[in-house]
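Take this structure first; my questions come after.
Chain IDs A, B and C follow the sequence of writing; residue 1 opens each chain.
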Amino acid sequence: METNEIPQYSIETKDLSIFYGTFKAVSDVNLLIEKQKITAIIGPSGCGKSTLLRAFNRMNDFVPSSYVTGKVLMGGQNMYGANIDPVEVRRKIGMVFQKPNPFPKSIYENIAWGARINGFKGNMDELVEQSLRGAALWEEVKDVLQKSAYELSGGQQQRLCIARTIAIQPDIILMDEPASALDPISTLRIEELMQELKKNYTIIIVTHNMQQAARVSDYTAMMMLEKDGSRSGTVIEFSETKKIFTNPKDKRTEDYVTGRFG
Amino acid sequence: MNSNHNHYPEGESLRRALATRYRNASIGRVLFFSALVIAILSLVALLYNVIDGAFGYVAFEYKNDPTEFTSKPLDDLTKEELLAILKANLSSGAYTKLDNEKPMEKRSRSVLYTLLLERLIQIDTKQTWSLTDSIFRSGEIKAEVAQKYPEAKLEFRSWLTPVFLTTPMSSKAEFAGVRTAIFGSLWMVGIAILFALPIGTGAAIYLQEYANKNFLNRVIQTNINNLAGVPSIVYGMLGLAIFVRTLEPLTSGSIFGVTDANGRTILSAGLTMGILVLPLIIINAQEAIKAVPDSLRQAAFGVGATRWQAVWHHVLPNALPGILTGSILAVSRAIGETAPLIVVGASTFISLDPDGPFSKFTALPIQIYQWTTRAQPEFHSIAASAIIVLLVLLLTLNATAVLLRNRVQRRY
Amino acid sequence: MKQENTIMENQNFRPLDLKKKMRLGESVIQTLLFLAGFLSIFITVAIVYVLGKEAWLFFGNPDVTFAKFLGTTEWSPGIGKFGIWPLVTSTLTTSFIAMLVSLPFGLAAALYLSEYASPKARSALKPILEILAGIPTVVYGYFALLFMTPLLQFIFGEGVQVYNMLSAGIVMGIMILPLISSMSEDALSSVPRALREGSYAMGATKIETSLQVVLPAALSGIGAALIIGISRAVGETMIVAVAAGAGPNFTFNPFLAAETMTGHIARISGGDLSYNSIDYTSLFAIALMLFLVTLVLNLISQGIINRFRQRYE
């Protein structure tokens, strides 16, 4: 892909492999993530879903001895290239984690902090309100903005984490099993929120819940350990979610989505 | 949402903002690391300071000319010749007294040589120099000595010698040694550990294996943690009031027929130190017992063992290395403690080896304190030498503890 | 095989007895172990009783009034001067200097070790702090008197007395640094990884994460370290006994010699001290104050740590 073309994809990976020391955790992934769609990564536990997701915003940098081969292209630039600033990558690609992890600060500060360190110059109150509205949390917390974020329920905390992510106006939001620690009602609210968010953002979500993937995503990447016994995970099938669940090409995908395996 | 988009820096201003943030990040890193550098420098300065004091030039004069006693150079005298000189020149009373302490024939040449210098020739130290000065200003020092003390001899001396380790106290720094202090420290620590190890281990077993979570046991646990933080001098006051004063008949040995004694004995000091290290031993033993996997206890109960059988046959043997590590750490704490010994009344001038728990005594840190606070620089030199002895002792103990700990860690 | 059979058969005839049995040995052992644990309570009671009793005798002396104790500034019980303040001011001064040294440096070292250092660097650097922590305080006293004081005299000139609170305070700070650093490091590393990741995912740099997310989250643990540090500084004896000066002096000037509470106890009890004299009982009054102050500080610190642990477990 040429850098001067306007890319129609948010993220493109080319032969992406991820290593921890000598261990190859994820091998040869080629994906085209479409803009303003939700892409789900599914697969059995330990197949490298989260590792792959974390490669998209260079969170694996914090694991000593980890490195990647191949490319992750964003807007035509390889985000593992020599001149790329990981801090700026993470600002453009936000992340929501498995367990809600608000900062031990007030609700207001949780959102304002990220904006401030990234040099936000506009009206902070406005940004906080917009972000909380964007995460469908405003109505619940507008009177308690100065309270500690820890006083919120788990589902509210997770939406706060989404709010603080959209406050720094990323292009892409990565979600690592964002509802796995939540009750069914909170899960539903997060899923509804995702449908709202995809109007403005590209979303990539890792989930082990296949119903969730089927409900929320437009595209699905199926990951599995390689057959050669190397314990490396790879994407065995990637297409529209409908196809994956109704007419998978790979036998292993079929076994997995129909519950015969995993 | 998009209305805010232009409020984040883009392009050139983004580049500059990022550059600033990265500069702050590296400044922070350097600042944080410099704190460690300061810690390292302090340690280096401390060790340098000690070594600097323990070696160096000394200018001294002989009060009595050696040629009054012998025509040979002093260094060439044999043991027999030294013996003869001492016999001929010491008063017979002094000679007999020395002979009674330890037969003169059985003393080594270096001890006799020291006696010759100390009793007959007698040394008068004029000035001492630090190791740094001795190395870098040796020419100046020589010139200075030649001018200021024309009679004096200048020699490069290690204040830390085998003789220093094996001689008892003396009121002259040149002849003082740490023998009695080392023995005093060993006796004191021995009594402390004999007292604290069984009781501390017992308390740890009780708290880990028997105690349920009731109010009393919580109080005991909190109390132990707090005792660990009580200033050591307060333990000294406790020892003074209880062991030295109230239990004087016991600690002085008078009920065992020891006469001419008061409560300021090794026994009092040892028990005081035992109480001081008790919380340390309990807490370490608790950690060691906690580390024994529960499956082991359950296996024992599964074959019908009682609580004590499970503890005695399975938990304790597995926790033992950890408990020993803890006791070694307690020993090193006790060896270095000074304040409580001052309070319970360690004497500073003891020239006889302690011969039992009812002896008066001195200890290494007491000597270091005493010598450091003397005004004459030659006492600072022997204080430095005693510090080296103490640090080497502690290093050995701690290395043993680390080795033990590593062996335990490998097991689980 | 045959033998086993007979045992099995015999067991069938043995009456089943599951009643509680009196195990005398077990009870004796359990009692002994309990007593070992209870001894610690006894020690605390003994400390309070002994210090309290002698302090009571001191304050019961008709010459000693609270007005004199807290209202005058000269301390010399032997000649009827009972103003505690000179000992308190020097204790405060030396402790304050010590914390001024140990808190920032200890905290910075902890931040480096927990947030920046590679595991390899950490395992190389931590033993150095452990060595510093293991050096007997009397050795620090030697260092203060014969290294730090000459250094300070070189820097600040003749105004620095041979015995001075500044030197003792700085060296005490070096002594307490490893304690602050290791307790703070514990607090920092118990901050969940998820918080750090959350911060990095927002595009924060390492220092922004360390100072603005991790540090505030660990603040109560660091507070506990600070309090323990103060308690240690107040109770430290040998450094001040060697280097801070002999003789009470009502001053906050760090360049001057002044005796602290602990230094005073060490000096007076090291000399000839006759039981029941006012000097003797006055020492216990001072020790009681020391004990109570450090006890309260330790309890607060422990309370904070317990609270802190619950939050992240």
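We take it that a residue touches a chain if its C-beta (ideal position, glycine included) is under 8 Å from a C-beta of that chain, and two chains touch if they have at least 3 such contacts.
The shown structure was predicted, so the numbers you read here are calculated from the model rather than taken from an experiment.
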{"item": "Chain at the geometric heart of the assembly (C-alpha centres)", "value": "C"}
{"item": "B-C against A-B, pair bridged by the larger set of C-beta contacts", "value": "B-C"}
{"item": "Distance between the centres, which are taken as Cα means, of chain C and chain A, whole angstrom", "value": "48"}
{"item": "Between chain B and chain C, centroid-to-centroid distance (C-alpha), Å", "value": "20"}
{"item": "Between chain A and chain B, centroid-to-centroid distance (C-alpha), Å", "value": "58"}
{"item": "Shared interface positions of chain A, touching two or more other chains", "value": "87-88, 117-118, 168"}
{"item": "For chain C, residues that touch 2 or more chains besides their own", "value": "205, 208"}
{"item": "Residues within chain B bordering two or more other chains", "value": "21-22"}
{"item": "Residue ranges of chain A in contact with chain B within the complex", "value": "85, 87-88, 117-122, 126-127, 130, 134, 166, 168-169, 200"}
{"item": "In the complex with chain A, residue positions of chain C that touch it", "value": "118-119, 192, 194-205, 208, 212-213, 216-217"}
{"item": "Of all residues in chain B, those that touch chain A in their complex", "value": "1, 4-9, 13-14, 17-18, 21-22"}
{"item": "In the complex, chain B residues that touch chain C", "value": "21-22, 24-25, 28-29, 31-36, 38-40, 42-43, 45-46, 49-50, 53, 198-203, 205-207, 210-211, 217, 219-220, 222-227, 229-234, 236-238, 240-242, 245, 275, 278-279, 282, 306-308, 332, 335-339, 342-343, 345, 365, 368-369, 372-373, 380, 383-384, 387, 390-391, 394, 398"}
{"item": "Chain A - residues contacting chain C, complex", "value": "57, 59, 62, 64, 87-88, 90-91, 94-95, 97, 99, 101-105, 113-114, 117-118, 161, 164-165, 168, 174"}
